[in-house]
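The structure follows.
Read from first to last, the chains carry the letters A, B, C and D; within each, the first residue is number 1.
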Amino acid sequence: MSGESLISVKDLVVEYTSGEDVVHAVNGVSFELNAGETLGLVGETGAGKTTIAKSILGILPDPPAKIRGGEIFMDGKNMLKLSQKEMRKVRGNKIAMIFQDPMTALNPMFVVGDQIAEVIRLHEKISKAGAAKKSMELLEMVGIPGERGREYPHQFSGGMKQRVVIAMALACNPQVLLADEPTTALDVTIQAQVLEMMMRLRDQRGTSMLMITHDLGIVAEVCDKVAVIYAGEIVEMGTKEHIFDFTSHPYTEGLFGSLPNLNTKTKRLKPIPGMMPNPSSLPAGCKFHPRCPYATEACKTETVPLFETEPGHLVRCLRRDPRQVR
Amino acid sequence: MLRYVLKRILMFIPIILGVTIFVFTLLYFTPGDPAQVILGSDATEEELEACREELGLNDSYLERFARYCSDVFLHGNLGESYINGRSISEEVASRMPKTFTVALVSVILAVCIGMPLGIISATNQYTWKDNTAIVLALLGVSMPGFWVGLMLSLVFALKLGLLPPSGWGGIEYLILPCVSIALSGAGSIARQTRSSMLEVIRQDYITTARAKGQTERKVIYVHALRNALIPIVTQVGTMLGIQLSGAIVAESIFSIPGIGTYMVSGIKNRDYPVVQGSVLVVAIIFSIVMLLVDVAYAFVDPRIKAQYAAPKKRTAKEA
Amino acid sequence: MALLEVQNLKKYFKTPRGILHAVDDVTFSLEEGKTLGVVGESGCGKSTLGRTILHLLDSTGGKIFFKGEDITVVSRNKLGELREDMQIIFQDPFSSLNPRFSVSQTIREPLELRGRLSKAEMEEEVDRLMEVVGLAPRLRNSYPHELDGGRRQRIGIARALALKPKFIVCDEPVSALDVSIQAQILNLMLDLQEKNGLTYMFVTHDLSVVKYISDEIAVMYLGQMVEKCESDRLFERPIHPYTQALLSAIPIPDIHAQNKRILLKGEITSPINPKPGCRFAARCAYATEKCREPQELREWEPGHFVACCRAEEVSA
Amino acid sequence: MATERKKAKKNSRFWEVMRRLRKNRLAMAGLVFLLLMILISIFAPLIAPYGYETQDLYNMFALPSAEHPFGTDNLGRDIFSRIIYGGRASLTIGFASVAVSAVFGMTLGAIAGYYGGKVDMVIMRVLDVFQAVPAILMSIAISATLGPGLVNAILAIGLSTIPGYSRMTRASFMSVQGMEYIEAARAIHCGDRRIMLKHVLPNAVSPMIVQMTMGVGSCISVAAMLSFIGLGVQPPSPEWGAMLSAGRNYIRDYWHIVLFPGLAIMLTVLSLNMLGDGLRDALDPRLKN
């Protein structure tokens, strides 16, 4: 299914300034999203996942956020260099985004049908009636009766709202869908419904997807490739098999160790000690070293690059340095 | 929706009754003898007593209150002035429109100046535009309206002679009094608009609108403003009350024959039925405006209906 | 003897749209030193159940026994005694701590209210509690907003432990935390249980967490308990159609696991003025006429309770 | 990181707020001006070049000069001195009426917000009635009843602004009560009184401080207006509104009689508003660090 690179992010650096503090949210992230492929961005709160997605779409709030470096290519063009006008043609049209909290992602003052029609009318030459008709079809597509398009967001439940958000995101048949924790706010049975629907629509339309989540279960189910983010850096990236079966980075190991397993009786969890570093004063060397059980002196000082341990499996850990024999 | 409106109207009745009790009681306890006011200082005790009897001043509080209520609500009669014996209802009816015009025009003016200022300020946060707007709004809310009135009349009427310094007539008579009380209103609307716009701009649905590829202009004026409007609408409603009071003072500066000058003369002459009647009428008009605002709410915000029907957290906890 | 016994407990709320049956006829008992996990989706009444047992909410009906004593209705003094035995840990480590209280103030408050210890003893006890929950002594005078979620949750745990309770209701104590921190807190809670012989009622929506920590699990749906049994057994052999759907809905972090997912129709309905029958019937694939009648929680197999009249057919 | 910082003092929060307030130039300017006004009022006899009643009939309507910085009025009294003395009345009314309305208003609001239910309903319905009369009109009506004078003006203004404080206190109490730490306090058997004083009040107090600060300004403004229309403090007492009222008849020829008292009101109210804005930001927990 996967084809050539659709979006490629190179050395993205994003900072937030708040008062005197500079928050280093994203520190040199590079990845490619190929056509028809789903890439999972996995990490904990504050790792910089959402910032990456918003950078791609060019909707970071500036101030306080500032893109300090890097390039984001789509269709051979660096999107960070595009004018606002050109970017507007991309947003909602070629790239669409689904947000974490369906409760607040819809404007409470407009009926949902109009909110879907809005994105269609922005990007397609279509009459008002045509857009309205299409928005009804889109609602049907996500399993909501079309006539409910005349209702306001507060009349829908959380799961239903997220379906509306998905309909809105898919309205212009985008090539890329950025899904930012799309089911985190939902109950588990509703999450199952929504995930199933998203995967079905993605497969029907061949949409590429960037799936942002903290839930390794969702990654296992939805993604083809995975990038694990820690403190604004990719610490491990590879195919789903690489990450799940050949876990290489101590942080990824820690994440798996923190999860109670449903299938086997877990006697005791093996959590990662300590906590996330403050993104405004990140440790030198490997950013994970203060919490890492394998940390050596070198880890505290050396800047660690991503090593390719196998074709397509990248790990940011000195223990995987091919020059070092262990 | 109809139920909502009806409920609001029903809530309106006890409020009016309460206001009447309040105004009546307040003036009931006012020291001083009305008979003395009417007859002057050289009346004899018999004459005074006869006058008190005639006015029903010797009756109990409840009797007098009942009579006042029946006069006001059943006959639309606010009594007569102690000084000249003229019907207060007629006087108020002829003066009220002027006061209301001044108040309304100044509210409109305040909205027209304040809202754009607030929007510019919020959409250009931390820039020189924002800072200028903040300072202007601060000055606006800090200047006492009656003093602005005096200064405006000094400059534009007395020195430059561009506008009439006093009286009532065409639009030119409205400008100075309205501007003088609109400035503080404009300041507070600008401040409210700014803070509520800043609040709304942070919301997720604004990000959603941007993610759709919507133009910044429409994001602000369609998506954000509509939501920010709700607290502003309330404020505009309350402001009409403030401007009504402001108009009372402005009238005395610009000699407008409105309810304000009437009330002030009533205060000066200890003509209490006049004060009582004027306060009551202004309060009733203000309550009607607040009622309209509440109803307007339901039209501006689709969630109000739901809030009205939805279980409130508190009531749920008590059950 | 069971430490806690709850019989036909009911908690209704009056709302403008009708009576909300938040907890409706819930019966269970809990042995000392064990953990009962209570799972369900939002609005199933699991948090209300915990709060009603602790008398943070007044019950509408039913009985609560603690150490064999009927505590359904108690005087204020008795309530004070009870609260030394029964405590709660909250979900939100942000809103469950008074932002104006320092760490030591928060932990000291329950001790102060009892007034049994001298000032110096209290300080010692605060130090001890901080050590027990893994808070560094230098954080004594910190304020909650200066700390991360995991540490705040440790403060909440220390406060609950201060009175040396026997029974603690844990209301989604790890839901607001990141996975790596979540595991730290779960381990801490298990250690504390082992050391102090604590009994937990662990309320959560996270099924993998509940399996890890609980001895027994109760599944709730719209205010009612639909299934209850020993923890491992529930995952091996769920009977109630809702439990089956719920368990199958969990995404498993294992790319080789094959789980057949049961997708439920529709969404949870409102627990306001519910009809008598099975509340899950509208979404249930097995629903028949019989499901319109009230369902009774019956012992399907020893220790395994199910409230489904079609359990035989479902399990076949 | 913040956690590493040692905190010892109990009143560290006060200093924290002050530290943040210091960064706000507008607020600091307001604070400095306000303190200056207060000092000037207290030491008026030492600072004022003339007495407030000293008439100089040879020197009526004098324009500002070195001798009389703000000129003299219709009786030849030094306006500068009268403004200095007038600050006493205006600031007293401002602070005292806020004290009156805050004490009554917040108590009512706190009771309504804490107990809820029927108590809340009764209090709120009564307040609805009082709010149906615009506050300024209400103070005019009360003032007309009580008659002129400083204390009556304080009462009139204080009483008329009660509903605003009650509503805000109630709202702020209710939002704090939704917090889990209140439930936590009940779970450790905290009594109502202690919960109210230790847990609710300290967390609900920020918006009250802001509203009180700005309230002083608006009370000063209303007081001036009352004297202007012949209620409240009466001439010849040196009060800014009364000075405006007395001077308005001469405005055409002697603008300075009206300009300076007005400026005094405006600057004082402005400084309070700036301070209030600064406090609002400094007290906002969302802006921590």
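As a working rule, a residue touches a chain if its C-beta (ideal position, glycine included) is under 8 Å from a C-beta of that chain, and two chains touch if they have at least 3 such contacts.
These numbers come from a predicted model, not from an experiment.
Interface comparison, A-B against A-C: more C-beta pairs in contact at A-C. Using the mean of the Cα atoms as each chain's centre, the chain most removed from subunit C is B.
Taking each chain's centre as the average of its CA atoms, subunit B and subunit C sit 53 Å apart. Centre-to-centre spacing of subunit A and subunit C amounts to 32 Å, using the average Cα coordinate of each chain.
Subunit C and subunit D have Cα centroids lying 49 Å from one another. Annotation for subunit D: no residues touch 2 or more other chains. For subunit B, residues that reach two or more other chains under the stated contact definition are 318.
On the side of subunit B, the complex with subunit D involves touching residues 11, 14-16, 18-19, 21-23, 26-27, 29-31, 138-139, 141-147, 150-151, 153-154, 158, 241-242, 244-246, 248-249, 252-253, 263-264, 267-268, 272, 275, 279, 282-283, 286-287, 290, 313-314, 318. Per the touch definition, subunit D reaches subunit C in the complex via residues 2-8, 13, 179-181, 183-190, 194, 198-199, 202-203, 285, 288.
Interface residues of subunit B, counted against subunit A in their complex, comprise 126, 203-205, 207-216, 223, 226-227, 301-303, 306. Of all the residues in subunit C, the ones that touch subunit D in their complex are 51, 54, 56, 79-80, 83, 87-88, 90-92, 95-100, 102, 109-110, 113, 138-139, 141-143, 145-147, 151, 156, 159-160, 162-163. In the complex of the two chains, the subunit C residues touching subunit A come out as 41-42, 148, 150-151, 178-184, 186-187, 190, 205, 207-209, 211-213, 232, 235, 245-246, 248-255, 257, 261, 263-264, 267-268.
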